[in-house]
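In what follows, a structure is listed as C-alpha cells, so that the remarks can point back to it.
The chains carry the letters A, B, C and D, assigned in the order they are written, with residues numbered from 1 in each.
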Amino acid sequence: MPTFEQISQQLDHQAIEVPSWAYGNSGTRFKVFGSAGTPRTVQEKIADAAAVHRFTGLAPKVALHIPWDKVEDYAALTAYAAEQGVQIGTINSNTFQDDDYKLGGLTHHDPAIRRKAIDHHLECLQIMDATGSQDLKIWLADGSNYPGQADMRSRQDRLAESLATIYAELKDDQRLVLEYKIFEPAFYHTDVPDWGTALVQVQALGEKAMVCLDTGHHAPSTNVEFIVAQLLRLGRLGSFDFNSRFYADDDLIVGSADPFQLFRIMFEVVRGGGYAADSGVAFMLDQCHNVEKKIPGQIRSVLNVQEMTARALMVDTEALAAAQQAGDVLGAHEVFMDAFYTDVRPDLAAWRESRGLPASPMRAYAESGYQETIEADRVGGTQLSW
Amino acid sequence: MPTFEQISQQLDHQAIEVPSWAYGNSGTRFKVFGSAGTPRTVQEKIADAAAVHRFTGLAPKVALHIPWDKVEDYAALTAYAAEQGVQIGTINSNTFQDDDYKLGGLTHHDPAIRRKAIDHHLECLQIMDATGSQDLKIWLADGSNYPGQADMRSRQDRLAESLATIYAELKDDQRLVLEYKIFEPAFYHTDVPDWGTALVQVQALGEKAMVCLDTGHHAPSTNVEFIVAQLLRLGRLGSFDFNSRFYADDDLIVGSADPFQLFRIMFEVVRGGGYAADSGVAFMLDQCHNVEKKIPGQIRSVLNVQEMTARALMVDTEALAAAQQAGDVLGAHEVFMDAFYTDVRPDLAAWRESRGLPASPMRAYAESGYQETIEADRVGGTQLSW
Amino acid sequence: MPTFEQISQQLDHQAIEVPSWAYGNSGTRFKVFGSAGTPRTVQEKIADAAAVHRFTGLAPKVALHIPWDKVEDYAALTAYAAEQGVQIGTINSNTFQDDDYKLGGLTHHDPAIRRKAIDHHLECLQIMDATGSQDLKIWLADGSNYPGQADMRSRQDRLAESLATIYAELKDDQRLVLEYKIFEPAFYHTDVPDWGTALVQVQALGEKAMVCLDTGHHAPSTNVEFIVAQLLRLGRLGSFDFNSRFYADDDLIVGSADPFQLFRIMFEVVRGGGYAADSGVAFMLDQCHNVEKKIPGQIRSVLNVQEMTARALMVDTEALAAAQQAGDVLGAHEVFMDAFYTDVRPDLAAWRESRGLPASPMRAYAESGYQETIEADRVGGTQLSW
Amino acid sequence: MPTFEQISQQLDHQAIEVPSWAYGNSGTRFKVFGSAGTPRTVQEKIADAAAVHRFTGLAPKVALHIPWDKVEDYAALTAYAAEQGVQIGTINSNTFQDDDYKLGGLTHHDPAIRRKAIDHHLECLQIMDATGSQDLKIWLADGSNYPGQADMRSRQDRLAESLATIYAELKDDQRLVLEYKIFEPAFYHTDVPDWGTALVQVQALGEKAMVCLDTGHHAPSTNVEFIVAQLLRLGRLGSFDFNSRFYADDDLIVGSADPFQLFRIMFEVVRGGGYAADSGVAFMLDQCHNVEKKIPGQIRSVLNVQEMTARALMVDTEALAAAQQAGDVLGAHEVFMDAFYTDVRPDLAAWRESRGLPASPMRAYAESGYQETIEADRVGGTQLSW
C-alpha cells in the first residue's frame, strides 16, 4: 500500500464546492427549525462558506441558487466573495417554487410556462456571465403524482426542446449539467428520474452538456459507484452533489450514513480519472443541516470527503490488479479494504498543519468564536430558508 | 361469487374519518402550493369535510389535529359540526412543530421537554372530553439523523414512561392509538419505526392502547396486509391511516398507486373481523392533496375505499377455502382475483341512488357549485396549512 | 371510452412468446420441486408450449435457451414445432452455468474465457440460422460479490468488445437484444445492471442491437413504464420479459403481484407505438412456476397480458389528452382508471369464441385431459430443469 | 476513548459459531459452483470448522443442519468434534427440502404434513440431547407466492400450535430460537416475515423461546441495530445469524457490504448487555461462499466480527452520553465515529500473538498448507451442498 506521504501531494488540489443554501435553515415538510446565527443575506451565506474554507482549505467555491441568491449587483457580490477568499461556483436554477410550476416547468404542457422556465434559465446564464461561474446546474422537480395525470412521453420531448433552447445560449466555456432524481417532490413519475434519462438528454444537446450525480437520488440498493464509473467512461460526469442517506433523499452529511460507500465512490472517481485536476468533474455538497449546526456540519462534510479521498488514493492498485487478474476474490477484496480501514486522520492533521491549516478544523472552528459572533450579531431580519 | 346484492347491506355501516388537515394546503419540503377556496378556519375545514359526507354518505366524522385545530370553545365547535352533519372524530397530537421538540418529544433526554410533550397530550384528552372524541392518536416524529446522536435504548424506555403517564389519564371509553412510521422526519432512527415496536409499547400500557397502521409508513416491499391480519389476530388494530404510495410516505389518494394492495388489505380486514360494525377499528384517511383539488380528492378517496370494500366482500370465501384446502394454487388465486376484477361501480351507483345519494359523487360535486362558492367566498385571511 | 368492439380487432395480432424453460422444473436456491408431467425433452417442452397456444391463440412462438435446448437436428426441431402449430422464437444464450464462468463470461478478465463465451454466442447465431429465429437475447450473469473483487470499468470495456465481436456476425434480419438486471446472481455489482447501461452498450453496436426489459429486474420503486416510454422514444425497445414481483426477481405470473402496473406498462406500449404489428417489440414471458402447475400457469399469464392490453386499448385517449391539457389532475387520473376498472373478461370470452377458441382457456385446459395425459405418459427419464 | 489495552480483555470470551453448511458448496438458483477440497462428509465439515477456530481462536462451536448433517452416531460425532477442538452448537431444522413441504411445513393446511414437520423438530431435539446442543433454531420457508393462495391468518394460528407442541418437549436448559425473514423462498407472503411476528410467537411459548436476528433478512433501509436494541430490551434476542447484503438475502461475508452497519450493530449489542459472557445471545455466521474459498471466507468473517467488536468496545461512552445529554448532535456523532475510524488491526495482531494465535490468521492459513492438503485428499465422493 502507498504511504500517506506518497499520496499526500494529490490532496493539494482537492476542492469541494459548498452550497449557499446549506447555511440557511432547512428541514422537512413537517417543520423547518430556525437556529441562532442563520444568515439573513446572501453575503452572510458567503461569509459562512468562506469560514468553512478558512478552516479546511477545501472549499474555495460557493454555489448559488437562483432566485434565492438573487442580488442587484453580481459584480459586487463576486468582489465580496473574493474578499472573503472564495469564488462563486455553480449556478443552480429553480423551477419548483413559483406557483406557475405546480404541474411542471421545462416539461409543462403549456408553452407559456415552458417559456417562463426557459427564460429563468437564460437569466441564470446572465448571472454566470456576471459572476464568472461556468456551470449551470438544472435539477427539475417536474413530474406527476397520479397515473394518467401527465403524458410522460410528450414531456420527455418537450424537455429535450426546452433544454436545447437553453443550451444554445451557452458560451464556449460554460456547461449545462443535468441532475436526475428518482422521486420527490413528484410521487408517481419524475421527468428525469435516472442517470440513463439524464444521459440521453445531455447527449442530444452536445459536448458541453453533462450529468450531475447526487448521491442521494437513487432507488434503494442502487450501486452508485457503478454509475460513477459508467459516466466517467462515457465522458459525461459533470458534477457530484454529495450527501448521505439511509432512506430517501435524506440530504445528510456526506459519509455519515455509509462511509464505505463514499470510499467506493471516491475510488471509482480516482480509477476513472475524475480526480485529475483537469477532469472537469465538479465536486459539490448538497445537504441539509436540519438538527445540527450548519457551519460545523459543512466542515465535517468536506473533511469526510477528504478523508475518503485519501483512503481511495492509498489503495494498492498494483496489488489489486494482480489479485483481480488471478481471480483471487478474497485477496482483491482485502487489498481494497486495507485502504478503507487505514486511519488517515493523524496524517491528515499533520498535512493540514504543514499547510498552515488547523490540525483539527472542527475544534479550531469551535474555539474560534465565529459561531458566537454570528449568533450575537445576526439578530433581527429574516433568516434565510428554502 | 356472491352477487353485489348479497353484500350490499354490509356497505351501509361503512364510515371513513376524514382528516381536517386534508382541506388545508399541503405539499413537500420544496413548496406548498396554495389553491383557491382553501379554508382559513377550523369551521371551514369542517364544512368541507361535511361536503364530502353529503356527496358520499361515507364520511360522518372529521379528525382534528391539535394545535392546528385549537379553538376557544369546543362545545361550539362540536355543535357546529353537528349542524353540518358530521361528528368530531379522532384527536391527533403534534409534538413536531414546536422548537422545543427539535430532538424529540415524549422520548427527549430533557425531562422538562418530555413533560411538555406529555402535557400536550393531556390537553388533547381534555379536548376529547369536550368533543366526545374517543381516540387519541399519537404519531411521534421522534428520532435522530446521525448514528451516535441519540441513545435509542433509553429513548425507548422514556417513551414507555411517557405513554404510561398519558394512558393513566384515559377515561374508560377512550383509547390511545400509537402510530408507527419507518422514517421521516428523522433519517437515521425513528423511535416507533415499525408495528412490532408500536405493539410492545401498547401492550405494556393496557387494553385501551392500540396500534394505528398508516398504509404508507413501511419499508419498500413490506406485505402490509399481513400486518393487518396479525394486528387483528392480536386484537390490537386500533385504526387505519389510509393513503397510497409509490416511494416513501407519499400520502397520495388511497388506492391510486396500487389498487390491488388496497383490495388485499380490505380482504384481510374483512377476514379478520375488522369490518364488523363493532370491531373497534377506525378507518381514516391521512392524505395530502398537493396538486389536485382537495374536496374532490377526498371524495375520490372514500369512494376508492368503498369500491375495494365491496370487491373484498364479494370474494367467494367458500370456494377460496376449498381451493386453499386442496392446495390448488392457481384456483385459489383465481377465486381471489375474480372479485378484484369485478367492476362494482355500476352497482355502487345504483346503491347510492337507492339511499338518496348521487350516483356519481364526483360529478355531483363538480356540478353542485360548492367549489365555485368557496373559491369566491374565501378571499382574504390566511389559508390554513401544515 | 371506446367500446370493446371498437378495440377488439387490435387484439387479433397479439402474440406472446413463451419460454421453453417455463415448462421444466424451476425453483429457488433452497429447493426445486418436481411435478408430474414435466417434460424430459425439448420436444415435450414444445408440445406443452403449443398447448398454451391452442387454448389461447396468443402464444405462437416458443423461445429456446441454449444449451438447455440443444439438439442434433434443428431443422427437425423446427419442423416438429411447426407440426405442433408453433414457431421457434428468440434464442437465449447462457454463460452462467459452465464452471469457467464463475467470475464472468463476456466480461471475464481472462481472454480465453471471453472467447469461449463469444463462441457460445456464435453457436447461438448458427442455431438462429437453422431455426429461423431472428433474435439473440443476451442476459449476462456477470458481476462480482465483493467490493474490490473486480474492475468494473475494464469489464464494461471488455463487454463492449465482446458484444461487438458477436454483433459483427449478425445477419441483416437478425437482432441482438441485451437484457439488464439489477442483481442476482451477483450481489455487489452487475455488469449490465440498468437500462442506461444496456442502452449505451447497444447504441455502440448499431441499429440491430436493442434492449430487453424484464419487468422484474429493477430496484424497488422503479417506475417501469417510464423506462418503456423512454426506450420506445429512443427506438431501442427490443423485447419484454414479462413476469411479476413483490420483492426481487421473483419471476411470478405476470400481472399477479401488481395488475395495475401491467396496465400502465401496456398503456405506454400502446402510447409509444410498441403494440403496432410492425413495431419490432417482441413480447415474451420469463417466469418460473415453482408451486403452481406449469401449463395453466402459462395460460393464465398470456391471458393476463391480453386482458391488460384490452384495458390499455380502451383508455379514452382524447378525453385523457383534454384533461391533461386542462391541468385537471383528478379528471385525467379518472379517465385512466376507468379503463383499468372495466371488466373486459366477458367481452374477451365472446371474442375468443368468435375466433374458435374456448371462452375460458383455463377451464378448457382443465377439462381437456392434456394434463392427465402428460402426467401418465411422462414417466421415467429425467425431468428437465434449470 | 478507551485504549485498546483497556478493552482487550473483553475480547477473550468472544465466540462465534460457524455453520457446517458454509463449508459445503452453495450458490444461487442459477448455479452452484463446485470447488476443490469441498467436504464430502459431516466430519470433513467439522474438520474445516475446527481449522477456522485454530487460526483465529474465535469459533469454538459448529452449528449443524438437519437432515444435511444427520449421522448414525451423534456421540461419536460429538467426540470427533471435541478431538478437533470444537463443540457442536445450534441445531438447525429444515422443512423446506422435502417434497411434502411445497406449500408449507409447520403452517401447512394438511395436519399430516404439520405433524411430519413437528416430528422433524422433535428429532432435532433428540439430536440436541445427544450432542449437548442447547439451541434449536427454526427458520421457516413457509409462505405463499400468490395472493389468495393461502389463508395467512389460519397459518399464523397453526404456526402457534405447531411451535407449542415442539416447545413442550424442550428440556430445561434448551431453547427454541425462531428466525424471521422478509421473503424468499416465498414471494408473496412469508409466515414469519419480521421481528414483530417472531416476537409474538415466542412470547406465546414461554421464557425459553427467543428470536434469531439474521442481519440479511430485512426490507431495504431497515434500521437493524434498532431491532437489536429492542429485542435486547425485551430480553428476547436469542441469536444472530451474521452475514452481509447489498440487495436481498445475499449471504455475503459479514461486514463486507456495510462495515459501519456491523459496527452499529455490535455497539447496540454491547450497549444492551448482549455481549456479556452470560447474556445468552449466541453469535453465529450464516453465509454462503459462492465464489470465494470457503475456509478463508469463514476466517475473514469471524475476524470482521472481532474487529468491529473491538471498535464498538472502544466507543467513549461517557463522552457520548455527555454529548447526547447536551443535545450536541455533531459532537455525539463524532465520538461515535472516532471508534469506528480507529484502526484496531495492529493491536489485534498483537493481541493474537500474546494468546498464541497467528498475528494474521488469513496469511497463516494460506501458508499452512491446509487448503492444498484437502484439495489433494478430498478426491472422489460427492461434495456436500445445500
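Methods note: contacts are C-beta pairs under 8 Å (C-beta built on N, C-alpha and C of every residue); 3 or more make two chains touch, one makes a residue touch a chain.
Chain by chain, the UniProt names read as follows: A, B, C, D = L-rhamnose isomerase/sugar isomerase.
Just so we're clear, the structure is a prediction, and the values are computed from it rather than from any experiment.
Asker: More C-beta contacts across A-C or across C-D?
Answerer: A-C
Asker: Quick one: how far do you have to rotate chain A to sit on chain B, C-alpha fit, nearest 5 degrees?
Answerer: Here the rotation carrying chain A onto chain B measures out at 180 degrees.
Asker: So, what's the distance in Å between the C-alpha centres of chain D and chain C?
Answerer: Roughly 38 Å, centre to centre.
Asker: Round to the nearest whole Å and give the separation of the Cα centres of chain A and chain C.
Answerer: 39
Asker: Touching at least two other chains at once: which residues of chain B meet that condition?
Answerer: 103, 144-147, 149, 182-183, 188, 220-221, 223, 246-247, 256, 260, 291-292, 329-330, 333-334, 337 - these are the residues of chain B that touch more than one other chain.
Asker: So how do the chains connect up here, line, ring, star, complete, or something else (other)?
Answerer: complete
Asker: Could you list, by residue number, the parts of chain B that touch chain A in their complex?
Answerer: 26-31, 33-34, 96-97, 99, 102-103, 141, 144-147, 149, 182-185, 187-188, 220, 245-248, 250, 252-253, 256-257, 290-292, 386
Asker: So in the complex, which bits of chain C are touching chain B?
Answerer: 220-221, 223, 246-247, 256, 258-260, 291-293, 296-297, 300, 307, 329-330, 333-334, 340-343, 345, 362
Asker: Mind pulling up the chain D residues that touch chain B in the complex?
Answerer: So the residues of chain D in touch with chain B come to 103, 109-110, 144-153, 156-157, 182-183, 188-190, 193-197, 199-200, 218-223, 225-227, 229-230, 232-234, 260, 264, 268, 271-272, 320-321, 324-325, 327, 329-330, 332-337.
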